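First chain A sits with chain B, and in the next complex the same chain sits with chain C.
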Partner chain A sequence: MLDVAEAAAGARPRWPLRRPDTRTLTRAGVIGVLLAFVLFALPQLLSLYYVDAMTQVAVYSMVTLGLGVLVGRVGLVSLGQVAVLAIGAWTAARLLFATSMPYPLVLLEAGVITMVAGMVIGLPALRLRGLYLALITLMLAGAITVVLATVNFPNGGHGFLGYNGSSVHIPPIRRPGIAASDPAYFRFAVVVAALMFLLAAVHLRTRPGRAWAAIRQSEPAALAAGINTTLYKLWALALASFITGVAGGVLAGAVHYLYSIDFPTQDSITLLAVVLMGGAYSLWGAVIAALLLQLLPALLNNWGVSADWLTILFGLGVLQVLTTAPAGLADQVPKDLARLGRLLRALARRLAPSGGPE
Partner chain B sequence: MSGPRGAIEVSGLTVRFGGVTSLDAMSVTFERGTCGLIGPNGAGKTTFFNVLSGFVRPAAGTVRAFGEDLLSMAHFRRARWGVRRTFQTEQAIEELSVFDNVAMVHEHSRLGGTSRRRDVLGAISFVGLDADPYAKVAALAAGQRRLVEVARAVVGRPKLVLLDEPAAGLPDEETEHLGAVIRAIGEQTGALTILVDHDMSLVSACCSTTAVLDFGRLIASGPTAEVLRDDRVISAYLGTAEVETS
Partner chain C sequence: MPSWQDFQPFIVSGLALGGVYALSGVGMVVLYQATGVVYLAFGAVGAMGALIAWSLINAGVPGWVGWLACVAFAGVVTLGYGMVFGPALAKRDPLIKAVATLGLTLVLFGLMDLLWTTSGGESRAITLPTDNSGFMIGQVQVNWTQVLGLGVGVAITVGIGAFLRYTKLGTAMRAMAGDREITATLGVPVRRVEAAAWLGCGVLAGVAGLLLADLVALDATTLTFLVISSLAAALIARLRSITLTFVAAIVVGVVHDLLTPVQSLTNYRDMTPFVLAAVALLVLSRRRVMTSSREEM
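Now for the complex of A and B:
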């Protein structure tokens, strides 16, 4: 009897899946409800101005996700992610003008091409860490910005670069047929972002995630465990670049017109700042980072406050994170809420005995 | 390639860091079972382990492990071949669970995924770790983390297990438990174990043979009891300890 049960258990590959406990199920439920709300209720509730801002949040949540994986999970600090995003956007725009391929296919291709480019940009990461890696990626990003300013984004022209400097009527970059309107495109962007988060989550929960955790804590320990550290670092760069490239593709359709001035090198620094503030060790951190980066400026603009103040705010935020809350807001907010809950319960208990019997 | 007996044969192993010679023409054979490697601080014990793990490239010498040339293998391939080690400063991966820490080694070993769960849980129970396998290592006590490292060292058919001061900083009863685990490694896995430790009672209890390093030179090797009585060993190692304690 027991043997039969064991044999059955052995025949089914139970690893690495563990029977989901209530916590996992609750988490999946919360994510499902949240996603449904964002997809179906949010576009109805928001004005077009904020729908566009939230589309940007969806796009940049993929960019912060990619950087979060690099910084938080593997320990590779890249200051070139905006350049990687620009490569994705350029590639997607070029393909969208040149072909009539379905949009999702273009996204996939933009992701793969950006993945290759990102791996080349990230090659120094195999030798360098920390400040030097950050510096090298920043300078490479600067070089890419210069190249982009010269070749420009495709605007429907001919040739490999697809840029026509003298064209008067620039056609907009197309969107998928089912997502032509802004609210529909917002939903499209959210679905793509959700798929990218799923891709990252699967990586983090399986073999590469374990290898990255080992590499981040101690490369000798990783090597001693048989982990090919070069391969797994390259894998992380590939994943981050792919996700960022897909984000670039979504960005192209979102804005219709791309200009190299929209991808300044210094934005990569702001990007790292918000990733640290949001929390580089959690996938929620990437969402928070994107909200800080894209929703906050939209709010400030709407209130008539200059978004330049954010640079100062982000500076203070990073200082606060690095000194008191290294895991960022994604870790700090639930802790603070739990503390508040305990405080309220304690308060309620203290009030109850005096108020109860009388 | 057929190896002579079951042994690790080290010959003429020399490691230099700049002008410092950390290992000086070390030649020794470790037979199957549990072997001790002792010596004062800076004698070259960890350097020897680092050579076996592939972190340090020796200036000269060879290491044949069960007939194979260990030094020609890339460092990350040695784990797949069967080299396992623990570190002087314990290196269990904090943000992973106990299970994932051990599974990480198993999935880079020669074994396939079908037996993974059973093997990993088996290794965790072999070391007698009294903790939830799905708890994060960051939540464990120092002694438990050491056991996680030992579990990583015994999973996935190891051939050579290197333990670098596994008992450092542990209270007596935990050291005793660890000793029992170390003595059982050979029978459980068939691996040759080399134990570096400063705790002579642990080394005596675990190791039938012991080699002694001093300033990178091998000064004695043989049955543990004889080696510990050796005059050169006493003056090099235990002698200084006596002066310090008196």
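Now for the complex of A and C:
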């Protein structure tokens, strides 16, 4: 999947969809094995506590994927992605209470509705660029948070909002029939997340991906090259909103009960922090970001360490990434490992000057 | 619809809130003009300063020492950040500079949550001596803290305006807003001017934190994210004019508080700054230039 980054960078004219070479096939194989391990072995190995945490990782990997595409591929920084996630979760919860539609269909609808909402909000905002776009998304996220706090999440009530403030027995948000247990729902979430990554990867390897790469480099140049920049920026926003909306739908079933305090504005900031730390230029970065955001707090909680340390760590991480390692952990770790490997080889050569490896 | 009587006290509290927003907004505009940084940690340093002041006062230190500590903390942290990360990020996009200050925000936010935990349901408050006395305008009770809020807002706006226009340092800052490289070529000590701007902005953050802790609430989350509201005022002024920032801040503060007695809108009043800023930005950006060498709207 890493060569997606190279393809999207537009440096070489390649047609990756037509003729996969051996490297691509190897990578696909590795990803397949990894996915199989996550799907079948992981739920057996982990306790229920960590299965839940990993479900959250799967959900948030979609959110970080959406933001990663926006930040890393198109150069649009959004500080309101948690609000978008909340819209997706709200829509899915409302649909799940109101209808008996199959869960995947609800996910699709939640994604589409969130996509439309994102585009309606985003179309005027796309006139702005860079700093101003980031700040206006922060403003809009603040506004959506205020609305959510008043409207509340559906809890099985009637009317359009589906909220019943005096309800005593709140029914849980349902899960798909085949994924009622926590390990099964974890598998379901992973499959949905994998599909979303596939969707994003296909986008990045085809025409939109190349257009986004051009826009990120220079918008005037992209325009001069005949790229409809507004269309492709809106497309990116639509894709990110769709993926985030689907993530909201998966989140609704994962937690059973949704509250507006679970979607504070500051989480959008933390989200951007982990996406930058994980690495916005690679799809692996999204996975790393989700692990940082959801698995690390679960681990710390288990060890009795305050989650505040994590907030501090994320803050320092952002500063470090922005000043010294702009491509994030997904880029930095392999480089550091390679450096470590070279160092070890040099050391081995020095220790055994005659018979060391080449 | 409530009667005029019901609205009157909210005009007073709105003006006070608007004054503090103006103070924060002006601080951020000046720093942005001088260094190109939108200082999103403005609220967080103020909040931490206010919490330090609260701890000191609770430990028996006289009030004014606590207030000074608050302002000094905010000033020193801001200056320190500016000295370390200002030069490191000087050539980067304004967006990157702004996001980096979010890093500082997260660090401070985590520290505050760690050191002044709220899990016990402990409520803190800072009371200034100006809270207890006041006067009446018509039938509306006005306390001196509210007067102080508006007064400081006006004083800072006028003071900074005069400073930028008439002093050497102020002129240098305005020159840097035009072009950093050329200003440096002309022999202005760019680093020192930037340091002054950082320190000034930090001091304003401390003052704003103290006043907001009294007028709104002494709570890390609230105070940290009130910066978004004051940023709205600065954004309406396109991070350029301090006069416009002041006017926008007053409007935001007054509209916010005037919505309080309106039954159907009172829950949505916190949206005021966001909605006003969003609408203003979208209207102002109608005529957009595709190619520009600088990050302008």
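Simple rule for what comes next: the second predicted complex is superposed on the first by the 332 of 358 C-alpha atoms of A that agree within 3 Å, B and C clash if a C-alpha of one lies under 4 Å from a C-alpha of the other, contacts with A are read in each partner's own complex, and residues count from 1 in each chain.
The rule is simple: a contact is a pair of C-beta atoms (placed from the backbone, for glycine too) under 8 Å apart; a residue touches a chain by one contact, two chains touch by 3 or more.
These figures come from a predicted structure and were not determined experimentally.
Student: Taking the superposition as given, does A:220 touch the first partner, chain B, the second, chain C, both, or neither?
Tutor: Both partners, chain B and chain C.
Student: Looking at A:228, would you say it contacts chain B, chain C, both, or neither? Reply first, second, both or neither.
Tutor: first
Student: Any idea whether chain B or chain C touches more of chain A?
Tutor: Partner with more touched residues of chain A: C.
Student: Going by the contact rule set out at the top, does A:276 touch chain B (first), chain C (second), both, or neither?
Tutor: Second partner only.
Student: So, A:296: does it touch chain B (first), chain C (second), both, or neither?
Tutor: The answer is neither, since A:296 touches no partner chain.
Student: On the A-aligned overlay, A:210 touches which partner chain: chain B = first, chain C = second, or both, or neither?
Tutor: In the superposed model, A:210 contacts chain B only, not chain C.
Student: What is the contact status of A:134 with respect to chain B (first) and chain C (second): first, second, both, or neither?
Tutor: In the superposition, A:134 touches chain C alone.
Student: Looking at the overlay, does A:317 come into contact with chain B only (first), chain C only (second), both, or neither?
Tutor: Only chain C; A:317 stays clear of chain B.
Student: Based on the A-chain superposition described above, do chain B and chain C contact any of the same residues on chain A, and if so which?
Tutor: 220, 223
Student: If you look only at chain A, which of its residues touch chain B in the complex?
Tutor: Where chain A meets chain B, its residues are 10, 13-16, 18, 207, 210-211, 213-214, 217-218, 220-221, 223-229, 281.
Student: Going by the contact rule set out above, which residues of chain B touch chain A in the complex?
Tutor: For this pair, the touching residues of chain B are 53-55, 75-80, 83-85, 87, 91, 93-96, 100, 103-105, 107-109, 113-114, 116-118, 134, 152.
Student: Okay, in this complex, where on chain A does chain C touch?
Tutor: Listed in rising order, the residues are 77, 124-125, 127-132, 134-136, 138-140, 142-143, 146-147, 149-150, 219-220, 223, 264-266, 269-270, 272-273, 276, 306, 308-319, 322-323.
Student: Could you list, by residue number, the parts of chain C that touch chain A in their complex?
Tutor: Interface residues on the chain C side: 38, 85, 88-89, 92-96, 98-100, 102-111, 113-114, 221, 224-225, 228, 231-232, 235, 267-268, 270-271, 273-275, 277-278, 281-282, 285-286, 288, 290-291, 295, 297.
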